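Heads up, the thing below is written out as structure tokens.
By written order: A, B, C, D, E and F. Residues from 1 in each chain.
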Amino acid sequence: MYSVTVRDHVMVAHSFRGQVFGPAQRLHGATYVVDVELARPDLDADGIVVDIGRASEALHAVLAGFNYCNLDELPAFAGRNTTTEFLARVVFDRLVEAIARGDLGPGATGVEWIRVTLHESHVAAAAFEGRVGAKT
Amino acid sequence: MYSVTVRDHVMVAHSFRGQVFGPAQRLHGATYVVDVELARPDLDADGIVVDIGRASEALHAVLAGFNYCNLDELPAFAGRNTTTEFLARVVFDRLVEAIARGDLGPGATGVEWIRVTLHESHVAAAAFEGRVGAKT
Amino acid sequence: MYSVTVRDHVMVAHSFRGQVFGPAQRLHGATYVVDVELARPDLDADGIVVDIGRASEALHAVLAGFNYCNLDELPAFAGRNTTTEFLARVVFDRLVEAIARGDLGPGATGVEWIRVTLHESHVAAAAFEGRVGAKT
Amino acid sequence: MYSVTVRDHVMVAHSFRGQVFGPAQRLHGATYVVDVELARPDLDADGIVVDIGRASEALHAVLAGFNYCNLDELPAFAGRNTTTEFLARVVFDRLVEAIARGDLGPGATGVEWIRVTLHESHVAAAAFEGRVGAKT
Amino acid sequence: MYSVTVRDHVMVAHSFRGQVFGPAQRLHGATYVVDVELARPDLDADGIVVDIGRASEALHAVLAGFNYCNLDELPAFAGRNTTTEFLARVVFDRLVEAIARGDLGPGATGVEWIRVTLHESHVAAAAFEGRVGAKT
Amino acid sequence: MYSVTVRDHVMVAHSFRGQVFGPAQRLHGATYVVDVELARPDLDADGIVVDIGRASEALHAVLAGFNYCNLDELPAFAGRNTTTEFLARVVFDRLVEAIARGDLGPGATGVEWIRVTLHESHVAAAAFEGRVGAKT
């Protein structure tokens, strides 16, 4: 299996509901440094997994959808705890959609598996990974 | 698959037996920066893999069991080479026990897979990963 | 010159006033990974710059003063843009006070210079450094 | 599954053919920081996955095969785009050969799976992973 | 003293003349991960050292001047060994010019000191630092 | 001022005397990832601060003097707490001697300032820096 990984980041405010979150029930915030790994069993005719420039742009566009936002006020996340693991899944789903739309180029349809990791500090991270086809 | 990762560290002395270890047969030491990734297929009702605060505490408690120690003198490791890969397994086993005891909260029983990575320098690491249920 | 450096982090929400901040004028948030370097020309009788355990606790206490908070609502920061560089200075000032109070132990009075660095992402950081005596 | 990871680096010049590469069609260069993870289900009698010293030497020898080179001029890569993902596979294949030759010691035959990751910057990486037996 | 640091990278080919360079006399290449720290004694009216967005853009523009290039062919570097330390100075000089041109905004004239660090691998870096005014 | 930085590591056992060290009074150990920055005001005729290959070898040789050792048993450190800051000074002094001996080449006599940083974990480090001439 071959893969490429691109990195970007996003800065948001949010709060959580549930005693398990302790002081994080208050409105606070986070920088998420986001790694996206895209994998496929074979390289395309150019010798790549995917156009890394377009992959970076697609990730940037996905993150722009909620960068510098208070997630508590975004309709897309209403009624949900926007935990790091939840957001990893959001990024995964939106990248799968971007691939389906052709945003990463026609060759990106060969991508079979994606892992999205959000680093929220030097001591904590969360991730979601899955097969691209399995999503539908 | 969703996961969360927590990081901590431990500082120990030890020595190895076997020509393969060269100068590491002498009493020396190491800092291990320890990453623990806990994974499960679905999030719980709060939208998390596991209470990350309790996961951090559980990891800290496991490492406290041999932090600032000479591993050569610990009965639990008698007759064993406490290599980085061996210690990764020790941390794995003790975290599985901690989950079984409920130390990470009732929701942690959903954790199906754990990866423990010990970074011993900027150029070397070792890991053990496995299914939680497969351990018993 | 000798120094020791300790690291911790803090997660906050805030917004900025001023066109220069662009979308960061909206309520958003950040994780700041905070490095504090404390320096002095000579080591104390124990061979240390400062008790690193107490330095870590003092840093943690300073950050606890605004961790998991919306900085826009804290009276201490009223009317100020809580930029990364501004917060670096806040941490510096509060650590100087902690040293003066004896929170880092009697030996910490030998500390002459402090540098506080806040990493807000993998591509951006800000810092404040200065002499301890020069502060008064 | 147990694993050990070793890190080294290599500095090369090369150019790519294909519009997808944009300005990287020009002769340019890269530092690749290379992580190699070697995995097996059980430890050997010494308690290790593989002799980490010999693994490091084997990786260094593989990278020496094209370190400080213009990859465009190496016969082994003629007619190929030496992309990061392609080079990850090259390192994988050559390490599998090194293991077969006994360069990592007799115990290394127990290695079943290898992952090679090449970090080309702080925001991009590529990898190839596979079973060792599956290669033949 | 306050400072902000921004990070970007550049990928180049080049060769060196002089026996001290050994195999690096051959045409090879490098990724340089570039950190630029800009410092001044006081913050401006917005509470910042400099507009970090414009600082990032200015750094990106400077690096674009030789990104994806063979430095041996650039007239600006004719007859010079484009070592890491030499390139750190080049970036420094061009950023000082960018500030003088107003590319970082009018407030950036307050910047008194700049440090440019180029990381060429996980084990090597070079830097140039100096006062901004001292340059003229 | 120009500088180059090289990185290596060392793995040791030791114990400390003094209540301030708490559990670190027991025999334990550490990996120190060591960064050495060498600085001078101008580059030499080759365009470098110092031969980075020889600087790396010199650092490696200095660390080999106590790598894989129990520092409590080394005569050179008798009666001293081998704290991280103390060891940073040891590395500094021995590198200054290596430069004086010509181990880093004749050009290295231009080095005026050295900073040695020992990272003992992902959250703690210590350093010693000073002028080379000021040492005698």
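What we mean here is this: contacts are C-beta pairs under 8 Å (C-beta built on N, C-alpha and C of every residue); 3 or more make two chains touch, one makes a residue touch a chain.
Computed from a predicted structure; not experimentally measured.
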Query raised in the report: Of the pairs B-D, B-F or D-E, which has an interface that repeats that of A-B (more than half of the contact pairs shared)?
Result: B-D
Query raised in the report: Any idea whether A-C or B-D has more C-beta pairs in contact?
Result: A-C
Requested in this report: Give the label of the chain whose average Cα location is farthest from that of chain D.
Outcome: C
Query raised in the report: Which whole number of Å gives the spacing of the CA centres of chain D and chain F?
Result: 31
Query raised in the report: Taking each chain's centre as the mean of its CA atoms, how far is chain A from chain F in angstrom?
Result: 41
Requested in this report: Just give me the whole-number Å value for how far the CA centre of chain C lies from that of chain E.
Outcome: 27
Report summary line: Listed in rising order, chain C residues that touch 2 or more other chains are 7, 122-123
Report summary line: Per the touch rule above, chain E residues touching chain F in the complex are 16, 18, 20-22, 80-86, 88-89, 122-130
Requested in this report: Would you mind writing out the residues of chain C in touch with chain A in their complex?
Outcome: 7, 9, 11-14, 23-24, 26-33, 67-70, 120-123
Query - Interface residues, chain F side, partner chain E - complex - result: 1-8, 37, 43, 46-49, 51-53, 56, 105, 107
